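In the two complexes that follow, chain A is the common piece, with chain B as its partner first and chain C second.
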Partner chain A sequence: MARSTGTAAFGFDQYVADIQPPGLLYAALARSTKAYAQLEKVDLAGALSTPGVLAAVDGAVFHRKVGMIPTSRDEPPLALDVVRYVGEPVAAVVAVTPEAARHGADRVRILYRSLPFIPDIQASATGATTIHASMPDNILRDVRLSFGPVDECFSSAQRIVSGSYSYAGSTHAAMETHGAVAWWRPEQRLWIWSSTQSPFHLQHNLACALDLDPAAVRVLKPKVGGGFGGKCETFSHEIVTAQLSKMLNRPVRLILTREEVFYTHRGRHHALMDLRLALGSNHEILAIDADISLDGGAYAGLGVVTTHYAGQLLAIPYKLKALRFRSRRYFTNAPPAGPKRGHGSVQIRFAMERLIDKAAVSLGIDPLVWRRELALAPGASTVNELKIGSTGFGACLDRVAGASGWFDSSVEGEALGVAGSAYISGAAFPIFPNRLPHSQAMLRADRSGLFTLYTGVAEIGQGTEHAMAQLAAETLGQERHRVTVLAGDTDACPVDLGSYSSRVTLMAGKSVIAAAQEVRKQLLRAASARLKIPVEELDIIPGRIVSKADEGRGLSLKKAIALAEEQAGLVLGTGHYRPDMKPAHYKGSALGPSPAYSFSAAVARVSVDKELGLIRVLDLWLAHDCGTAIDRKSVLAQLYGCAIMGYGEALLESTGLVGSVTDPVALIDYGVPLVGDLPRIHPLIVEAPDPEGPRGAKEVGEGPLLPVIPAIANAASRALGVDLDSIPLFPDMVLEMYSP
Partner chain B sequence: MKPGAIGNLVVATDLAEAVGLVEEGFLPLAGGTDLIPRCTLGLLDGVSLVHISGIPEIAMVACDGETLSLGSAVTLADLSVHPSVPAWLRAACLRVASAGIRTAATLGGNLLQAPRCRFLNRPFFWRSAHGACLRTGGAICRAGGDADECHASQRSLLAAVLLAADARLEFLTSRGPTTITLESLYPRDLAPADLQAPGLLSRVIIPNSGSKGGIRWEVLTRRTSIDYPEIALAVAEISPVSKHTPPARRIAVSAPLPWPRLLPPTISDSSGDFTDLEEALTTIFPSVQTGLYDPAYLRHAAAVLLQRAVRRS
Partner chain C sequence: MGTAHANFTVNGRLHRLCVDPGEILLDTLRHRLGLTDVKWGCREGACGACTVLIDGRATPSCLRLTATLSGAHILTAGGLIAEPLAQDIAAALENKHAFQCGFCAPGILVELFALFSRAPQPSADQLEQALSGHVCRCGGYPLMMEALLKLNAP
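== the complex of A and B ==
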C-alpha cells in the first residue's frame, strides 16, 4: 500500500517494477507487425521450446473483449482472428527471466493474410475497407447535437467567420512506462500491482475480462511515475499477466518498454475540425457550428467520451445563443487513441481560440478585451445545459493581461497572443450508469494523536494524496503531517473512481472533508463531556481542543481521541460524494456536465524568425481559476506542467503513422521539450471559490493546458500576419503558410 | 536483424596495442555514444572493439604556435572548456548533443560517426514492421522514398566546422603516422555504409593561419540540445595571399548532405545573393527527406543560415 511519504526524490518509493513477490516470473508480448491482417496462424511452438519459457498463450484463452465503456467493448486482450494495428499484442510468453520471455515472444510465428489498411481519417471515411464488421462506416460514434436556433443565427448574423484546423496526435510521455505484476494467490484471489490511474476500474474490468467475481480481484497501486491520461484504461499487459499468473499459480511481471508504450499509449486523437461562428451586431457570438473528425485508431477505448467532449465543451467559456456540432470518431489502423490531459477538449479549444482571434482581426477589435466581454457569468446555464457555478474567467484574462503588459506598446519583432478556456472538474455521471458514490473516504483517529485517511484516490505524481491530507488536516484543525494517507489498495480503501476527468480534488476532496467532519464532531463531543463546555464553544487547534473563550481551558488531542474511543470504541469518520445532478433531456447529455468548471487564460509572447519559420516562445503567462488553491505549491506545479506540455504540443511533438507503423517510438526521437528550451513561465493563481467544490476548490490538473497551445499559435499568427491553423507548428510548415 | 552481438572487447593498455588491434579489424571504441547504439540496434553485428579512451597520447591538446593539435580521444566536454581551443570551436562543441553525452563523446568519434536518417534509431520490432532498409539487410532506402541508394546523412557539426578550418587528420598504422585532409576522409557520393577510417585516428590538426576572424558556424536543430542537426554548416574567410588576390571563403556543410563537404568555390565565393545561393544548393542538397523537415525547406533554411554566417564575417 502506498504511503504519502514524499520520499520519491530519495529513491525509497516502490514502483511496479520494484514489486518482487516470491517466485516471480516474467512475461513478454509478441506483437503484430501488420497494420491490418487476418491471423492465419499463431504458432507458439518456437516460444514454448525456448529455454526458460514456461507457457505461451494466444488470444484463444480469452473469452471476452474489453473496453472502458460498457457499450463499446471491442478489444480482445490478445488479438483473435484479426490484427488491427502494428504493435497489437497477439501472444504472450512467460518465462523464468525477462530475457527468456522476450526471446520466446520473438519466436512466436505469426502468419498473416494482409488486408488493405486504413492509415487516416480520409481513408477511413471512404469506407472502402471496414475495420470492425459491426461498424460498416468505420465510425465509432457520430454525435450530432444542436442547441438553440442555429440556422436562424447564421442567417441573421452580421458576420460569419470560419476556419479549418488540424491537430496532430501526441503521446503522454509519462516518465514511468506501463507495467503490471499479477499474482494469483493460493486463496484463489488475484492480486495485481499496476501503474494505473484507476484501480477500481481496473478491478472491475479485470473481473469482466477473466470471468471473475470483482471480489476476487485486489488491485494495488504502487507509486506511479506519471499518467496524463495514458494509464486510465485497462490494458492487455494487465489482463495477460493476470491470466498467466492464474495458469501457473505464480506471480508474473510485465513492464512495457518505451517502444511498447508508443503502441499502447492511447495518445491524443489527431483531429480535423471545421468551425463557423455567427456574430451579431454587438460582436456577440450568436452561434457555433462545428464539424469534428477524430482519428481514434483501431479500438474504441474511451473514444465515446472523447467524441462527446469535443463538441459539448464548445459551450464554455463564452456566451452563445446556439451550438451545433457533429463529432465523429473514425477507426483507423493506428494504435488506439485515448484520453490525454484535457481529454477531448484540447484540439477543439485550439480551433475555437484560433477562430476567435481570426474573428477579432476581421472585426478590428482587441481579442483579449473581446474574450472578456464574451465570458459566461457565474451561475449561467449554457445552451447545452451545463450549469456554471463560479467563474474566474474574467479575472484570469485580467491577470494575464496585466502581467504580460498586453495593453502596452509592442516590441519590434515580437507578438503577444491570448487564449481562454474552461474545463470540467470531474464528470457528473460515471462511466457505468449507477447511483453509487463516485468517491468515498474513511478517516480514523488514533490514540497516538495521528489520523489515518483511507481513500481510493490514485496518486500518479500529481499530489492528490497531499491535497487529501491537507483537506483532512484543515477540517480537523491540525497540521498536515498528522494525517497519513493510505491509498491505492482496493481491499483496504473505499472506492474512488480514479484519476481522470480532473475529478479527484473535487470529488474525493468532498468525501474526505465529510469524513473529517465526522471525526471532528466525535472529538468535540468527547471533549465537551469532559470539559463540561458546550461543543459550539470549543475549538480544535493543533494538538489540542480548547475553549474558544479561554484557550487555557482544554485538553490534548490525544486525550480527546482516547475519550472518544472510550465512548465509540473506534473513532472513525466516513464520507462520500456523488454529484447531485440529473442529465438533461437529450441523448448524450450525460457527457459534458460537471459539478464545477475551471477557467483559464494564457498569453504567449513570441518572436518569429521569419526567414526560417522558427517560433520562439519567450514568455508564457498562464492564469487558472482553481476555485480555491488547497495547496499553492501543487497548483503552481500543475500550471508549470501544463505550460510545458502545451509548449511541447504546440511546437515540437507529434505521433503518426510512417507507412503502417506509428512513429516515433523512442523519447529521443519524440520532441518533448527540454528544460533549456522552455520559455519563462509565469503561473498565476486565480481563486473563484465554487459552491460545489471542497472549500471551493475546482480542478487544476488539466484545464490550464488548454489555452497554452492556441495562445502560442495566436501570437505566432499575429507576428506573421497569417493564420497558423495546424498543430504542431513545425518550421517547415510555418514557412509554407507564410511567404513574405 | 536482431540486436548485434559484440565479438571481442579489449581495453587497450597502450597506443601500440590499439593500433595493432585496429589493423586486425577491431573497431576503435571511444565514448561509445555512436558505436554502442549501433550495436544494440543491430546495425553492427559481431564486431570486435578496442577501447581507446584511456590512452594518454591521443587524449591531449597541444598548441605549438603554428598549429593546434587535438587528440582524437579528447571529450567534447573537455574541448569545450580547454583554454587553448579557439572560442568558435569551444562553442561548437557545446552545441553538440547534450551535456551528458558530451562527457563521453570524443572528437574522433564525432568526425567518424555513422551517417543517419530519421529511421536509424528505430528498434528491431519497428523495423520488422516497417521493412528492412539498405542498412539493415533490405534492398531499398525507406527514408529515401524506397530509393535504391542509402540517403543517410552524416550529421557532425564539428566536421563542418573543422572542414572550414582546413583541419588535417593524423592516422596511425603499424607503418607509422599518415596525415590526410579532413576533406579527403569523406566520400563524395551517397552514404552507402559507415566510414572506413584508414587506421587509428590519433589527432586533429588545425592550422592557425589561413582563416581570419575564426570560423562562423550555424546549426538548425529542433531543440537546442539532444537532437542531431538538421543543418550544420560553417564558413571561414581566407586571408588573401596578397593584396591583389581577392578574398575567398571556405564553406563546409554536413547535415543534410550524405557526407560533410566543402562547397565548390563557385558557391562559396559568390557574393551571397540569396536566390542564387538557394538555387546553387539545390544541385547538391538531397531531394528526399532524411531528417525531420521537408527537403525544400532545408535548402531554403541552409541558404538563409549561410548568408547569416557570411554576413557575420
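== the complex of A and C ==
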C-alpha cells in the first residue's frame, strides 16, 4: 500500500468555510434585483423580526467608499442611494444560523425607482445615461499612448491589415466560493480569515474602509480553493463581516453561494478591439495601431490596470517600430469586471494573434515561421521601453512546431493553428507607489534541525509554498521536507504583496533565496570555527556540513545549528526584493514593466463540423518559457491548468455578451470544461533562464493561457477559410461568422 | 424545525437525528456533525465537490435529503483514511501533482474509491465516466487520468 502524504484528498485542509471560532454567527447579504435604480427605501424591519436574526445593516453604517486603486475608490461596501448592477449588495443580516441569516436577508424590503440601465459598451458610449455622476462620459480611464513614428509607418507601409475583434466576459469559477470569517477580538483587534489572493492588500483596505489602524487588523489566509484573479480585490463580504463582528463582538461568517460569485467575481472584461498593422517590405511589423474598449461593469476595481495592460502588452513578443493605442474602460450596469488569469492581456492577445494570421494569409507566408522571424531578441527594449531579459519565444515556437508536425502535410478536414505570447513576471511597480520591498522573507533554523520559512506569499493552489520551500532547501543544500512554510498570516509573516501579476515566484523567490543564504552563512561560520576549516572549504550537504576535500570530516547540521545558536543566539536570515527599476518618462509607464517576461506558444489541431458550427479541438501543444522550472511537476500542472482554462474560454464559456443581468448565474449553465470535453494536451517546458529570476525562474501561472485561445481560433479559421474574430466560438456564433 | 427523523451511520458511527424535512445531507454532515472534510462548490449537483458514499455509491450530498436516508451507511472522504485502497489512490494522484488547490480532491477521492472498489482495474472510459461529474477548475484531469491508468496497470 502506498501512503498519501498530502492533506487535500481526505479533506483535512481547512478552507474559510471550515473555520469555526466559538460563538460563531452567520451573515447573509440582500442584493439588488435591479441593474440600475435609485434606492427609495431599504426596510430592515422584516429582517430584524425574523427568528434568529440579531442585527441588520444597510449602507449607512459605512463612511467610506472602497476600491483597490487609491485614485478610483468608488464602491460603497453596501449600496447607498443607488444600485448599479444586479447582485450589488444592499444590506447585511447576521443571525445565529446560516438559514436564519438567509431568511432575514430575503425579508429585507428594498424599494427601487428604476433607471434606464446601460447594458453594454455601445450604450455606455452614447453617454445618454451616466452611471457615476463624477464620470459624465461613463469612462473610467481613457489611455492614449503613442510610441515611435506611427503615422509615418502607416504611410510608408507596404501593406496594411486590419480587423475588428470581440471577446466575451468570462468568470474564474474557482471551486471554492469566496468567503470570510471576521472576529472582532476582546483585545480590540480584528482577525479575519478570508479566501483571498492578497492578504496584505486586504489588511490595508479593511483598515481604510473601517477607519482602523492597519496594525489592528490581522488577516489569516487559510487554504484557498483556487483564485485565478477572482480573489484579488477587497470585497463587500469581507468589509461587512468585519463591521458586523465589531458591532456584536462575536465572530461572523459569510460564505458566498455559487450564484453570488457570479455577481462578485470581477471576471474578464468583455472587449471590443480594432487593430491595424503596418507591414514593411520584408514582412516586418512597422507599427500597431489599436483601439480597445472594455466593459468594466459598474465599478472601477482594478480596472485602471486592465486598461493600461491591454495596450502596453501589445509591445511584446514581436519587434515593432511604433505602437499607438487608445484603451478605454466603460462603465456599464453589469457586475464589475476585474483581473482574471492573464489580466488585461488575454483579449488583445487574441486580437493580435488573429490579425497576424490574417496578415500571413494575405502575404502567403507560414504564420509560425513568420512569428519566429518577428520575435524580440533577448535583451531587447520595446518601443514603450519594456526591457526584455531572457526569451525562449523562438524555442517555444520550435517546440510546438516539432511536436505538432506543423510542417507535415495536413489531414483532410483538420487544421492546425498557432499563436504566441508573452507575459510579465510581476509588476515592477506596486499599486501604492512607494519604495518599500515587494516581498520579504524570514528563515529560521532551530536546533531540531528544522528550517521554518516565514513568508507573506498567498498560496491559492498554484504551488507557491512548495516552490518557496524548494528554493530555500536548495540554497541550504537540504531536502525540501526540512523546510516548513509559515505563510498567510499578516501577524506572523513579513509582507509579500500577494498572488497577482504573476509576481510570486520571481519576487518572493528572490527574497527567500537571500534569507536562506544568510542562514547558510551563519551555519558555515559556526561549523568552520568548530572544525577549524575555512568557510570556503566547507560544503553543506543534506543533514551535514563537510569538508569539500574530505567528506568524512564534518559535523551534523543539527550540531552546526546548535553551535551557531551558542555563538550568536537565534539563527535567522532575512531577505527582501524590490525590482531595481525606474518608470520611463511618460504617463502610464508604470504599467507594463516587469523584471522578466515569460513567453509561450501554442498549436491547436481542430476539426470543424460545418453544418453545426462545432469546433473540436483534437490536440493542443503548449510550450512555455518559465526561465527555470523550479519544480517540474508544478510547472506541468500549471500548463495543464492554463490549457484547459484557455480551451474553456475559447469554446465554452461566457458570462453573457449583454451585461444588464449576469447570465448565467448557476454553475450548471456555465461551461466549465469537464474531463470528457478535453483535447489531448501536450505541455512542453522551455527554459531560458533570466538573470533577474531566482535561479533564472520566471512565471508560469498565467502566461501559458494567452496563446491557447488564439491558437484554437486560428486553427478553426484555417479549417473554415473564414476569419473567426469573436470569442467564445459557440456553434451558433461560428455559423453566423461562417456562411458557406 | 426538526420534524423528521433520520437514523444512519456516518463513518461507522450511528447518529439519530431530528431534522427539518428540507435539510440536505451536505448541511447535516458539515453543520450538524462538523464533518468539514466534505466540501461544496455549488449546492446544485454540478461540481461533485460534496460527494460522499451512501451505501457504497458515490453521490453528491447536496442532492440528497437527510430525512430520506434512514438506515443508510454513509462514508465521507475523511472516513476513508484507514482504507488501503483510498491511500493508494490518493498517493498516486499526489505523486502526479494532480491537485493544485485541492478543493475538488475529497469528492474525487470518494468517487474513485467507489469505482476501484467495484472495478479494480477500470478502463480509461470508466475513469472518465467516474470523473465526469467532478469539476476541477485547476485543470487536473489529464494528470488524474495519467495517475489512475498507471495505478490500475497490474
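We take it that the second predicted complex is superposed on the first by the 730 of 740 C-alpha atoms of A that agree within 3 Å, B and C clash if a C-alpha of one lies under 4 Å from a C-alpha of the other, contacts with A are read in each partner's own complex, and residues count from 1 in each chain.
Throughout what follows, a contact is a pair of C-beta atoms (placed from the backbone, for glycine too) under 8 Å apart; a residue touches a chain by one contact, two chains touch by 3 or more.
The structure displayed is predicted, hence computed values, not measured ones.
Q: Just checking: does A:L612 make contact with chain B only, chain C only, both, or neither of them? Give me first, second, both or neither.
A: In the superposition, A:L612 contacts chain B only.
Q: Going by the contact rule set out at the top, does A:F730 touch chain B (first), chain C (second), both, or neither?
A: first
Q: Just to be sure I read the superposition right, which of the two partners does A:L386 touch: chain B = first, chain C = second, or both, or neither?
A: neither
Q: Could you look at A:V665 and tell me whether it touches chain B, chain C, both or neither (first, second, both, neither)?
A: First partner only, chain B.
Q: Once chain A of both complexes is superposed, is A:V86 in touch with chain B (first), chain C (second), both, or neither?
A: The first partner, chain B, only.
Q: Taking the superposition as given, does A:I460 touch the first partner, chain B, the second, chain C, both, or neither?
A: After superposition on chain A, A:I460 lies in contact with chain C alone.
Q: Quick one: classify A:R31 as touching chain B (first), chain C (second), both or neither.
A: first
Q: In this superposition, which partner touches a larger number of chain A residues, chain B or chain C?
A: C
Q: Show me the chain A residues, by the header's touch rule, that chain B contacts in one structure and chain C contacts in the other.
A: 666, 668, 673-674, 676
Q: Which residues, counting only chain A, touch chain C once they are in their complex?
A: That would be residues 1-15, 17-18, 20, 98, 172-177, 223-226, 228, 257-258, 460-463, 633-634, 636-638, 640-645, 666-668, 672-676, 678, 681 of chain A.
Q: Could you pull out which chain B residues touch chain A in their complex?
A: 2, 118-119, 121-123, 125-126, 128-131, 142, 220, 222-227, 292-294, 296-297, 300-301, 304-305
Q: Going by the contact rule set out above, which residues of chain A touch chain B in the complex?
A: Per the touch definition, chain A meets chain B at residues 31-34, 86-87, 106, 259, 611-613, 652, 658-661, 663-666, 668-669, 671, 673-674, 676-677, 730-732, 735-736.
Q: Inside the complex, what are the residues of chain C that reach chain A?
A: 31, 34, 36-47, 49, 76-78, 80-81, 84, 86-94, 96-106, 108-109, 128, 131-132, 134-145
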